[in-house]
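Quick one: the structure is below, and I'll ask about it shortly.
Chain lettering (A, B, C and D) follows the sequence in which the chains are written, and residue indices restart at 1 in each chain.
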Amino acid sequence: MNSLHAQLLQLAIATPLVAALIIAGGLPKRFAVKLAGVAFVVPALIAAWLWQQFPAEGGATYHYLSNMDTGLGRFGITLKLGLNGIALPLFLLAATVGLAAGLYALRSGAERLKLYLMLLLIMQGGLLGVFASVDIFFFYFFHELALIPTFIMVGIWGGRDRNYAAMKMTIYLTAGALLSLLGLIAIYVKSGAQSFDLIELKAALAHQGLAPTAQKYIFGLLLFGFGTLVSLWPLHTWAPLGYGAAPSSAAMLHAGVLKKFGLYGLIQIALPLLPAGAQTWAWQLALLAGIGNVLVIGFITLAQRDLKQMLGYSSVMHMGYCFLGISCLSAIGTGGVVLLMVAHGLSVALLFMLATSVHHRTHTFDLAEMGGLAQKTPVLAACFVAGTMASIGLPAFANFWGELAIFVALWKFSPGLTAVAVAGVVISAIYGLRAVARIFFGPPSEHLQQVMAQHPPADLGWGERLPALILLAALLWLGFYPQALSRSIDQALPVGLASVSAGSVTVSPVQP
Amino acid sequence: MIVDLPHYLLLSAVLFVLGFFGVLLRKNTLVIYMCLELMLIAATIALAAFSHFNDTLDGNVFVFFILTIAAAEVAVGLAIIVALFRKRGTVQVEALNHLRH
Amino acid sequence: MANLLFYFFASLALVSAVLVVVSKNPVNAALGLLLSLVGVAGLFVLLNAALLAFVLLLVYAGAVVALFLFIIMLLDTRPEQQKPFQRMTLIAATLGGALLVVGVLSLNQRAVLTVGGAPGTGPTLKHYAEQLFTTYLLPVQLVGFLLLIAMLGVIVLSKKSDQAEEGS
Amino acid sequence: MTTDYLKSVAESNQWWALGPEIMLACAALGLLVMEIILPKKDHRFIPFVAIVAQAMVLLTVILNFQTIWLGENLFGGLIKLSPWGQVARVFFLVSSLLVSFLGTICLPRTKLPRVEFYHIVMVVTAAMMLLVHSNHFVMFFVALETVTIGFYILVSYFRDNALTLEAGLKYLVLGALSSAIMLFGIVLLYGAVGKVSLNGITHTGFEFEVLHDFLRHHPDNFLAIAGALLVVGGVAFKIGAFPFQIWIPDVYQGAPTPVTAFLAVSSKAAGFAVLLTLVNQVFTPLAGVLVPVLSLLAAATIIMGNLAALTQRNTKRLMGLSGISHAGYLLIGVVASFTVPWATSAVWFYLCTYLLASMAVFGVMAYLTGPDDTDQTLDHYEHLAKQHPFLGGVLAVGVGSLAGIPPLAGFMGKLLLFIVAFQAELYPLLAIAIGGVVLSIYYYFGWIKSAYFEAWRPAATAPTAAPQFAITIPSLGGKLILGLLALATLLLGCYPGPLSHWLPF
């Protein structure tokens, strides 16, 4: 039974990649679109099935393990796949957002649609691979596989400044990825395990961890490497620019899922393997994230006039909460981060998608020009409002539980920073609600009135409505029933952290 | 004072340095090429001296090879210089600055 | 006597080498090279390598310097104008030269020279032949190929364009 | 000299051991003969004969990969076959095959003699193979000079172009200078060792084993250290390491494109093969001096190469300057090989990935060059992806692999080098290498960008005055070869197993 599931896991990763290959082989456009649709649906179904089958008390260990030789066995590199309690939610996230982004792309009518779908499929395959990899070499490998199409998509289908944006993204993200690669190699070399296999690395370092100085440096490498990928202040400048220019599906997948790679790496690899290193960096990280990401970026977001730029900055800001949660070094905080990662991934993907839908109807991203869309497109307005509320962290949406857990952990760590974080929520409420008000209510500018008179805006069609509903449903479901994921997350949290917050409440809140 | 290995070595080194200076400072490619030959010859003096004072023949044999190679190098080098002269009408180093971007 | 001869040949080689490096007229430089070679050939004789001296004069003085002179006449280059050196060239030359001088000095000061036994009588032609056709047979063959490609190269580089193969 | 000795020398002259080199040389001679006896209209077949002959030699080497002469001193100690030498043979043959293929694209555009080109390429390749096998400095120098003189001719081969001749002259002067410096180093080493008598046979410092033995007992002999440094300096010129990198951009730009590829791949690989042999088998006891020197060289090379490449728009110069930085990364592997034995494998793996990627890129460049071979800038690549998706794809794979982007082979090469550097604890060098890779992303990405992104401007802004350049349409064979190169690059990145099994790790 387990081997069947392992094969299903492999199948989920292989389907989009094989589909991309087939499309690259010159499939006619009509079939290519259908094939792509199937290739987005299959992983989502498999992910749901694997989640459903996941053992209730088995979050701590890896399941569905499979191992494939790569010819680099002598370096301890094998394609080892599996899911544990932390990987499972993110795998689900990747499958869900991938499905939504894929469905949206199918109907987007982009120029050169075949190439667009092909790149998106490669990205999807890479994303699924990232979170299913037990081998940290392939963890990195799949990340790059998903990253390269992003650059190309920004470069080809991007909006304003796409060349500059693609260039800047490429350099920042490659630099970050290389730094983290160095950190991973350092772990490999220093651990003496002769293996990139995370399970074996954990076993090797369980008896005797690395020397504290080594841990300090390696954690620093990983922190700033991964930090760049997750847009840790002040290494974030690529993010608003890149998301501003990226086509919607690419932005959905990158901001929603790929960006979580860095946080996932910190939680899954850096925290359990380098506990002493985490201790030495905790305060620096907390200050950077708290002051930089939450406050500074919060105020910058307030000043944005461009909808997509605003979303980009707000995504940078929300990453601040995740970093704050990690810097608490407690089980509850880290668990909250995982939950928030999933929730934020869903909500930011929803918002990026709807922002493009708004653009289709108004032909502008300028908030000052817009207005009055609520009467003409009520469904779009409702979805956008829901997405904004989720993003702010209102109850009933998944984000709420994640942020709540982080705040609880943060209170123990530093009440001052908790105040900063709460202030951040207020800031995000201000800009979020202001944007909703500007877009959907109040009078539009005269120019926009003319445009809308010529092309009366239609409400969300099914091509847009279906992905939006999928994402929204997931957000709401997790908002009312976070145990669906939080139990397995709790079980998988690093053992070392549990002792820090021994006896603390679990992430699972009271039953709704 | 008996002339010994160090004398030959010093002579060879000084000749080598002279040739090196010539390569760096001269502007006429033909003269530069002569200076390069001077450097090779300097090396052969040291080689022959080592060979003589250590009583091994290999160094002397190596001189044979070096002389042959140097002759071939001169032939090819002069052919290139002449071909370039036909195109540019000069053999001065300053003229070699067209490859720039 | 041998000492005197050494100093004579050495100074001949050195002074004419300086002439190569400083003379403005390439013809003078070539003649300097020729004199320098004569000095070196004399040194070879002192080093019991008369055959090498002979080959040196034959190949270098007879062929190489003649070739140089021939080319100089052919190209009819004017004597070099004395242009101020570029600053970078001067700095590089000074640095390189200083390094080399230091190297040369320390070479003579610090080198531990191993001298194995008394120099025997000079090798004869037979010795060279034995070496070249037994131990060093492979390099000899290779040098043959080297000369062949050098010859081909000269032909390729100097053949008149109209004689070249037409594109087929 | 007794008859017995002569007999033993004759017996050690195992010509069969050098079968591939001899076959190659004979084939090269055969080409000249064919040129003489064949009627002029049949001369166009000669390049294909050359390619087939090289393929046959390659096949012979692969079939006899485990020859019985491995590790034995042949030719009285002049030659020693090693597993790495076998890898080098295959490497050089593959490279020369591809260079000959590039020659069939570029040479017909000129009215120049053609057969000589293939002849010289083959002789130079054979000399490189001997160079890597040589175990004796006389052999070493003769082989090296054969290679060098061959390259003088090849670099200035397009003699109708003044820029090519200028590049040839530059290469000539600097190459001869480096040869002289290296020669002086060899002489000093010879002098330092003096005369060694073993079992009644006289040995000298030309022999690698004898020299190594001497250095082990006298690691602080000044003469020997000076000699070793001069020899390493001479090799540093061949690989284009700092401060001997100045010739690279000019010569790469001026040389005919196939020759540029030959220089970039074979010459560089030969330099590294020699450097690895010298460092690991001869100069090992001088690690105290060589490690700092080589480390500084590596750091400076990476920095210089990448910084200079940043603003480069001429693609041949760009390949040269970025090639300098690749030499820098490889030097890290050489430094690491003092302490981590398998670093040699990592360097060779990197070289193999470099061969595949560079040849793919040079192949595309060969198809894109117009009548003037020296002038090819990034502007020529606009519209490439749209008009010639195949060439665009090959270019993207090649450039991406050079930049080290997974899942392409170049990434695996860099990864192995980084692991090696980590095991050797070369942290400062690693930091510099990472910085270099990030910089290199900038200019490689610029290349991809000009091939892909500019062309797909929205239709409204389409009418650009980008000049159109003649693109030779690849023949079926050309497509096949370029496609194979790209495919191999991709497969090796995803599944590096075959090559890593094949290399003697």
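Everything below uses one rule, namely that contacts are C-beta pairs under 8 Å (C-beta built on N, C-alpha and C of every residue); 3 or more make two chains touch, one makes a residue touch a chain.
Bear in mind the structure is a predicted one, so any value in this text is a computation, not a measurement.
A.B. asks: Go through A-D and B-C and name the pair with more C-beta contacts between its chains.
C.D. replies: Spelling it out, more C-beta pairs touch across B-C than across the other pair.
A.B. asks: Using Cα averages as centroids, what's the distance between subunit A and subunit D in whole Å?
C.D. replies: That gives a centre separation of 44 Å.
A.B. asks: Whole-Å distance, subunit B centre to subunit C centre, using C-alpha means?
C.D. replies: 5
A.B. asks: So how far apart, in whole Å, are subunit A and subunit C when each is placed at the average of its C-alpha atoms?
C.D. replies: 70
A.B. asks: Using mean CA coordinates as chain centres, what's the gap between subunit B and subunit D in Å?
C.D. replies: A distance of 26 Å separates the two centres.
A.B. asks: Hunt down the residues of subunit C that sit against at least two other chains at once, touch-wise.
C.D. replies: Answer for subunit C, listing residues that touch two or more other chains: 103, 107, 111, 113-117, 127, 136, 139, 143, 146, 150, 153, 157.
A.B. asks: What are the residues of subunit B that contact at least two other chains?
C.D. replies: Those would be 9, 16, 19-20, 33, 49, 54-56, 58, 61, 65, 69, 72-73, 76, 80-81, 83.
A.B. asks: Which positions in subunit D touch two or more other chains at once?
C.D. replies: Residues 138, 142, 145, 149, 152-153, 156, 159, 188, 191, 194-195.
A.B. asks: Viewed as a graph of touching chains, is the assembly arranged as a line, ring, star, complete set, or other?
C.D. replies: Topology of touching chains reads as other, fitting no named class.
A.B. asks: If I apply the definition of touch given earlier, which pairs of chains qualify?
C.D. replies: A-D, B-C, B-D, C-D
A.B. asks: For subunit B, which residues count as touching subunit C in their complex?
C.D. replies: Touch residues, subunit B against subunit C: 1-3, 5-11, 13-22, 24-28, 30-31, 33-35, 37-38, 41, 44-45, 48-49, 51-58, 60-61, 63-65, 67-76, 78-83, 85, 90-92, 94.
A.B. asks: Subunit D touches which residues of subunit B in the complex?
C.D. replies: Those residues of subunit B that touch subunit D are 9, 16, 19-20, 23, 29, 32-33, 36, 39-40, 42-43, 46-47, 49-50, 54-56, 58-59, 61-62, 65-66, 69, 72-73, 76-77, 80-81, 83-84, 87-88, 96, 98-99, 101.
A.B. asks: Across the complex, what residues on subunit D touch subunit C?
C.D. replies: That would be residues 1, 6, 9-10, 13, 18, 25, 32, 40-41, 43-44, 75-76, 78-79, 108-114, 116, 119-120, 123-124, 126-127, 130, 138-139, 142-143, 145-146, 149-150, 152-153, 156-157, 159-160, 188, 191-195, 218, 221-223, 226 of subunit D.
A.B. asks: Quick check on the complex: what are the subunit D residues that touch subunit B?
C.D. replies: The contact residues of subunit D facing subunit B are 137-138, 141-142, 145, 149, 152-153, 156, 159, 162-163, 165-170, 172-173, 176-177, 179-181, 183-184, 187-188, 190-191, 194-195, 202, 204, 206, 249-250, 253-254, 312-314, 317, 374, 377.
A.B. asks: In their shared complex, at which residues does subunit D touch subunit A?
C.D. replies: 400, 405-407, 411, 415-416, 418-419, 422-423, 430, 434, 437-438, 441-442, 445-446, 449, 452-453, 456, 495-498, 500-501, 505
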